[in-house]
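Two complexes come next, and they have one chain in common, chain A, joined by chain B in the first and chain C in the second.
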Partner chain A sequence: MYASIFSLSRTWFHPRSVCVEFACSPRVLSLVFFFLVNVFLLHCGPRVLCPHRVCVLQSVDAAIGGSTYQHSRVNQWSSSVVENCLGQLTKLGKPFKYIVTCIIMQKNGAGLQTATSCFWDNTTDGSCTVRWENKSMYCIVSVFGLAI
Partner chain B sequence: MPGFDPALELQRGSSISTVSYIDEPGQHDENPRPAVQMENTYQLGPVKRFPVLTVNNILKDVLTSYLQEEKYEAELCRQMTKTISEVIKARVKELMIPRYKLIVLIGIGQLSEQNNLRIASRCLWDPSSDTFASYAFKNSSLFAVANVYAVYFE
Partner chain C sequence: TAFVVEDISNIIKEAVDTTIGSSPFQTARVNAWTSAVVETCLSQLAKLGKPFKYIVTCIVMQKNGAGLHAASSCFWDNTTDGSCTLRWENKTTYCIVSVFGLGL
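Moving on to the complex of A and B:
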């Protein structure tokens, strides 16, 4: 288990100085924490990590934060959520092409199922999906990042 | 392969949302390949462009054949979304359009008198080579939306 954590950290987690520190002083608690952090990062997708999720949450809160569902304003809301997200992702300055999709649905008791299937390079591309809700509506935002 | 959180159930107030996978995102990365240095192709653009109309027809065929007679049920539609997205991806891959990466997005929802839903997307890409295809299907108890995004790998 010790060897596998070290190889995991070399693949995904920089800087290297952190890896060496944990390798030289094996304390159980720090190893477990390190492993958990890596698992969390891995599950977000190889290259699309937490900063993208934060961007999306901020954009959604800014656009529709305290609002109640209104049919006449949904067009404008979905456009602003998506444009804000894209603007913030661009500011991160990473070499990715982005696709941002937003679904806004009124809370009515009706059900919705969504699925995505992707044909890309696993080592460089990834995605992130955020589910947000308030009392009157749901908002599901998916971000796909494809490396250039 | 969706890059979601690990499969978990959220219960917030009166709504429940669940996430499930066909392939777990981390599985293929156990033996990571070393980064491959690609040679220069000297191509300025795609040799074969993405056939949007053909793919629209594929979407229409698949959605109609799978969903024409179905009624909305949560468990059935969950499986159906996953199956349909895999089927559409396989059929578009059969077209063998080189150097294009694909993203297939499917949504199946319940039709009710008051159901209001808006799906929007924006893309940051190169419009001369990247494109998308879309189709919306409806029957008496459900609606389905399929989007395929094709991004050229330069």
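Moving on to the complex of A and C:
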């Protein structure tokens, strides 16, 4: 089994040979799929997975989209982003408490650094941060999910 | 066992004062500042020994006229959970620290 995975990983960078091998051994195909899914899940985090990231991106696109930074509207935008995100997250129906934070910054050369630190249960809780930008502003949305 | 905003606010202020203080904004140091602020806050909060999970976020921004807006929304238990946000600044830097505490 391990020899099969190793040989397929060597051919990963050669698409033609990978196609040939897939056609010959469906069992290896299922093993590779299992391996790739686990790598993807590890990258996303233990509990907060793709649905949360999708919720955030949809909320930001809907609220800000192709807009230009306007001081008079940014308050409404940030509120809209967090409320939309929270609404979408609660609709997922998972047993989590959620905290959603949103930062909107005008693009004019200023430096910005954010950091978070959490004291929680690593096995059940997780977070997801999405960075979005257009021509005139940056938007950083973080979602923290804490299991009930 | 309650989330006392005043105590948390004092912890945050002390952490930021000792980490950044009157230092001018420097790109090379800002990464270390944000890490130090969140870690200091979290260690002080853990020392309180209260039955809470904590999330600490820190934003450090250079003062050069850019607009910045931060918002947060929470889906939790209002009777046991709470938050505290402190806005701090010196001549060259803005710092916004938020602490969210969720009762166990």
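One rule holds for everything that comes next: the second predicted complex is superposed on the first by the 115 of 148 C-alpha atoms of A that agree within 3 Å, B and C clash if a C-alpha of one lies under 4 Å from a C-alpha of the other, contacts with A are read in each partner's own complex, and residues count from 1 in each chain.
Convention: contacts are C-beta pairs under 8 Å (C-beta built on N, C-alpha and C of every residue); 3 or more make two chains touch, one makes a residue touch a chain.
Everything quoted here is computed from the prediction, not taken from an experiment.
**Student:** Looking at A:E133, would you say it contacts chain B, chain C, both, or neither? Reply first, second, both or neither.
**Tutor:** first
**Student:** Using the superposition on chain A described above, determine whether A:N75 touches chain B (first), chain C (second), both, or neither.
**Tutor:** After superposing on A, A:N75 lies in contact with both chain B and chain C.
**Student:** If you stack the two complexes on chain A, which partner ends up touching A:Q106: first (chain B), second (chain C), both, or neither?
**Tutor:** Both chain B and chain C are touched by A:Q106.
**Student:** Which partner chains sit in contact with A:D125 here, chain B, chain C, both or neither? Use first/second/both/neither.
**Tutor:** Touch partners of A:D125: chain B and chain C.
**Student:** Per the contact definition in the header, classify A:L146: touching chain B only (first), chain C only (second), both, or neither.
**Tutor:** Both partners, chain B and chain C.
**Student:** Applying the document's definition of touching, compare chain B and chain C: which contacts more of chain A?
**Tutor:** B
**Student:** Does any part of chain A touch chain B in one structure and chain C in the other, and if so which residues?
**Tutor:** On chain A, the residues that contact chain B in one structure and chain C in the other are 69, 71, 74-75, 77-79, 81-83, 85-86, 89-90, 97-121, 125, 142, 144, 146.
**Student:** Considering the complex alone, what residue numbers of chain C touch chain A?
**Tutor:** 25, 27, 30-31, 33-35, 37-39, 41-42, 45-46, 52-77, 81, 98, 100, 102
**Student:** Chain C touches which residues of chain A in the complex?
**Tutor:** 69, 71, 74-75, 77-79, 81-83, 85-86, 89-90, 97-121, 125, 142, 144, 146
**Student:** Residue numbers of chain A touching chain B in their complex, please.
**Tutor:** 11, 42-46, 48, 69, 71, 74-75, 77-79, 81-83, 85-86, 89-90, 97-123, 125-129, 131, 133, 135, 138, 142, 144, 146, 148
**Student:** Under the touch definition given earlier, write down the residues of chain B that touch chain A in their complex.
**Tutor:** Going through chain B, the ones touching chain A are 1-6, 10, 12-13, 15, 17, 25-26, 28-29, 32-33, 35, 72, 74, 77-78, 80-82, 84-86, 88-89, 93, 101-112, 114-126, 130, 147, 149, 151, 153-154.
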